[in-house]
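What follows is subunit A paired twice: with subunit B in the first complex and subunit C in the second.
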Partner chain A sequence: MSGVAQAASPSLWRATLGVLAKDFLIEWRGRARVNATVFFAMMTLFVFSFAVGPDGNVLARNAGGYLWLAILLASVLALGESFRVEAENNALEGLRLLPISPRALFLGKALANTVLLFALGLLLAPIAVGLYGAALAGSAWHGLGVLALGCAAISAPGTVYAAIAAQARARDVLLPLLLFPVLIPALVGAVKATALVLEGDPMGQLGSWIVLLAAFDVMYWAIGLALFGRVIEE
Partner chain B sequence: MTVRLDNVSQRYGRRWALVRLSLAIPPERAVLLTGANGAGKTTLLRVIATALRPTRGALSLFGLPAHENLEAVRPRIGLVTHRSHLYEELSAQENLTLVARLQGISAREIGAILERVGLGPRAHSAVRTFSAGMQRRLCLARVLLRVPELVLLDEPFGQLDPEGQVLVEELVRELRARRTTLVIATHDVDRARPLCDLHLHLEQGRVLRPLEPIGAARHEVTA
Partner chain C sequence: MRRALRLGLPAATLVALALGSALGLAYVPEERHMGEVYRIMFVHVPAAWIALLAFTVTFVASLVYLFKSSYTADALAEASAHVGVFFGALLIVLGAIWGKPTWGVWWTWDPRLTTAAIMLFAFAGYLALRRFVDEPERRATWSAVAGVIIFVDVPVVWFSVRWWGGLHQIQSSKETVGAMMAMALWVNAVAFLLFYLWMLRLRFVVAHRRLRDELAEPPALDDTGA
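Now for the complex of A and B:
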C-alpha cells in the first residue's frame, strides 16, 4: 500500500500557517462571496450618508463611526461565511481529529479573518473619507495601525462566536447577538482613535486610545486562545 | 485492548443514541457493526473516534483514557463517515495536502494515493464537482495518507459503484494485513462479513449480545 507515513504533530505555528493558507485559498476560490461582502459594506456607507442627510459637517464629524459600523456589519457576513465552509461536510470535525492544537485552529482562522477585515477596511476608508467629505489631518500610518488593531479586536471574539453560532440553527441571528455587546468597548476605542486620525489630535489623545484598543486586543485574543478548544470540542 | 468502552451512553437532546454500552475490541481485529437505521452505529463510531465525548461512561483507546489524551490517540485513528470532512472549494489534491501538512507528514505520496483510489485524473478538480462515490473514494485516500492503528468505516460500500466496492474490499484486506484494527458499520453484511472476524449488533443503542466471532475467528474459538 502506498502512503505509509508516520504522523507527528506539527508545531503550533506550522499548523497555524496551514489553516491560514487553507482559509485564504478557500476565500480566493469563493471570490463571489468576498465581493458580496465588499459591496454590502460599501452600500452600508452609502446608506449612512442618505440617512443623515445633506449636512456635510455631521457626516465628516462621524465618518470614523460610520466606517467602523460598516466594517462591523460586514464582519458578521465574513465571520459567518468563514465557519459555513467548516460546517459543510463537517470539515471542522475533520480538522479537530487531526493532531493539531485547537489554538492553531483559532489562530489560523482568526488571523485569516483579521486580514480579510483589514483589506476590507483599506478599501472602505478612502471611500468613507471621500463620501463624507472628511479630511485626513493625522498620519496615515496611525490610521493603518488603528485599522489593524480594530479588525483584530473584531476577529478574535468573532471567530469564537462564529464557531458557536455555526452549531446553532439560528446562526445568522445568533452571531451578532453574541458579538456586538462584547465589542462595544473596543469599537468605542476604534471610533475615537479613527476620529482623532481624521480630524487631528491637538490634545495628544491618540496614543491613549491606541493603547486601550491594543489592551482589548490582547484580552480578546487571550480569551479566544483559552476558550476555542472547549467551544469546538463541546 | 485497542478500544474499551465502559457503560458509555450518548444523548442527543432527549434521545439516548447509545445506552450503557460496554465493549472491548482487541488489537488487529476487524469488527462488523450492524444494526437498523438509527440503532446508533454512526454515533458509536464517532464516540470511538473521539469526535463525540460520551454523555456518560468512559472510553479508552490503546490503553489510554481517550479524552484525557486526545493529542496522543487521535493521530492513531482514521475515520470515514458519510460526512466527508472535505472542503468543496478545494481540489482533491489540495484537500489531501492540507491533511498531510496538518499531520506533519510528507505530501509526496498524494499522487500515488489518488491513483490508488481511482481519482488520479481528477486530482486537480474541485471536490464540489465530485459525485458522492468520488467523495467517498477521496475520504478513503485521506485515511491512506498514513495507515492508522484503528480505522473506523461507516457504510464504506455505500454510494460506490461495483468497482469502488471492490476497491474498498482490497483496502480493508490490505489494512488487515498491516494489522490495523477495524470497525466496519454497514448494512451490506454479505460483502463485509468475509472481511471481519467479530460481529457486534446494535439495537436502539444497546448491545444485546457480546462480540461474536465470525468466519475464521469462530473456528479459532471452537478449535
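Now for the complex of A and C:
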C-alpha cells in the first residue's frame, strides 16, 4: 500500500485484491508446499484405484467422485496451510491491524483458496479422465463451470473454519471434522454434475445440480462475509 | 424454584418415561403390517423431535451470543448441543434397529436418515471445537459461528440427499396413526422432552460453572516461582 495519508482505508475491492496478491505471493515463494499438495492429490487419485480394484468400468463410472475426493482431501491441506502461515509469527495480528474491512480479508483469502483449488482441479481432471478411462461426453465449459463452483463451495466455509482451526489446539483434526459434514451437499452436487459432464446428460439434470452448487456458494460466501470478522477479532 | 427443578425434573422425567414405556409396550395394540416391531416408533420418533429441538436451541443460542455476547447463551448452546448429540445418536441407533426387520437393511441413503447422520457428525465436530479452545471468549464466538454454519446447512443437505436418490416412510399424520397410538406417542414425546430438559439443565450448570471459573480473576502469583 503506497502512502498512508493518501487512503486511510482502501475500497473493499482494492483491499481484496491486495490480500489476494499477498496470498499468491506467499504461495509462489513457498511453491515447494504447493507442489507437494499437488502430488498428494495425484497420489490420492492413484490410490483410489486400489480400493476399487482394476475393474475399468467401475473406475470410469466413479471418476467424478474420485476427482472430487482428491480435491477435498487436498483442500484440507491447502486451507490449513493458508492460515498456518498467518498464525506463525503472529502475522494474523498484522492483518488485524490493517485499515481494511475483515470482509476484504475473507474475500481475498477465500478467492485465493478457490483459485488454488481450481488450478489443482484443472491439473487433476485430465489425469482422472486418463487414469480411470472416463470419456468426456459433455461440454468442457460445463466442466470448468462445475469445477469453479465446487472449489468456491469448498473455500467459503473452508476459509472460515481454517481461520478458527489455525488458532485452536488439535487444528489438523479439527478442520476436516468441522468442514466435511458441512460440505456434503456441495460434494453431492459437484460429483453428480461432474458425472453428468463426463457421461453425458440425456435427461437434462445438470442444470439443477449447478443451481444447488450455486445456492450453496451464495449462502456460504454470504455467511463468510458476515461472520469472518468475528472469527479473527482479538 | 431451584430445588423444585433439581428434584422435580428428574422425578417427572422418570414417571413420564415409565408411563410412556408401559403405554408403548403393553397398552397400545399390535400394528397390522409391522407387528410388534413398530413399537420402537414410540422412542424413535420422539428422539428425532428432541434432537431437532436441541440443535435448534443451539442455533438460536449461537445467534444470541453473536449479537449479545452473553455467556448464558454460550453455556446454553453448549449444553443443548451435548444433549442433541446424545438424542441424535439414539435416533440413528433406534432407526437402524427398526430398519433391519422392516426394510431388511440397517442403513439406507434416505434424506432424513442421511441428514440426521450428517447433523450428528457436524455437532460432534462443534463439541470437539469447544474442547480445543481454552479461552472462553474465543471459544464462545467460534463455536457460535460454527453453530450457525452447521444449522443453515440442514435444508441444503436434505434437498441434496433427496435429489441424490432415496425408502423412508412419509411422515406420519393423524390419519395414519390411530388415536391410541397417537396418545402413546405424545406421552413418550413429553417424557423425552422432560429428559432433555433435565439433561440440559445439568449440562448448563456444568458449562456455567466452568465459565465462571475461567472468567474469574486469576489468583495472585505466589512468590515461590519468582
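One rule holds for everything that comes next: the second predicted complex is superposed on the first by the 226 of 234 C-alpha atoms of A that agree within 3 Å, B and C clash if a C-alpha of one lies under 4 Å from a C-alpha of the other, contacts with A are read in each partner's own complex, and residues count from 1 in each chain.
The definition used in the following text is that a residue touches a chain if its C-beta (ideal position, glycine included) is under 8 Å from a C-beta of that chain, and two chains touch if they have at least 3 such contacts.
Predicted, not measured: the structure shown is a model, and the values here were computed from it.
When the shared chain is aligned, no partner comes close enough to touch A:Leu136: not subunit B, not subunit C.
Within the superposed three-chain model, A:Glu88 lies in touch with subunit B and out of touch with subunit C [touch as defined at top]. In the superposition on chain A, A:Ser208 contacts subunit C only, with no contact to subunit B. In the superposed pair of complexes, A:Ile26 makes contact with subunit B only, with no contact to subunit C. Contacts of A:Ala170 after superposition: subunit C is touched, whereas subunit B is not reached.
Residue contacts after overlaying the shared chain place A:Gly18 against subunit B, while subunit C stays out of touching range.
When both complexes are overlaid on chain A, the residue A:Leu69 reaches neither subunit B nor subunit C. By the touch criterion stated above, A:Glu233 is placed in contact with subunit B and with subunit C alike. In the superposition on the C-alpha atoms of chain A, the part of subunit A touched by subunit B in one complex and by subunit C in the other spans residues 233.
Put simply, subunit A touches subunit C in their complex at residues 157, 160-161, 164, 167-171, 173-174, 177-178, 180-182, 184-185, 188-189, 192, 208-209, 212, 215-216, 219-220, 223, 227, 230-231, 233. Against subunit A, in their complex, subunit C makes its touches with residues 66, 118-119, 121-122, 124-126, 128-129, 132-134, 138, 141-142, 144-146, 148-150, 152-153, 156-157, 159-161, 163-164. Subunit B meets subunit A in the complex at residues 49-51, 53, 71, 74-77, 79, 81, 83-90, 94, 98-106, 109-110, 112-113, 116, 126, 144-147, 171, 174-175, 178. Of all the residues in subunit A, the ones that touch subunit B in their complex are 1-10, 14-15, 18-19, 22, 25-26, 29-30, 85, 88-91, 93-101, 233-234.
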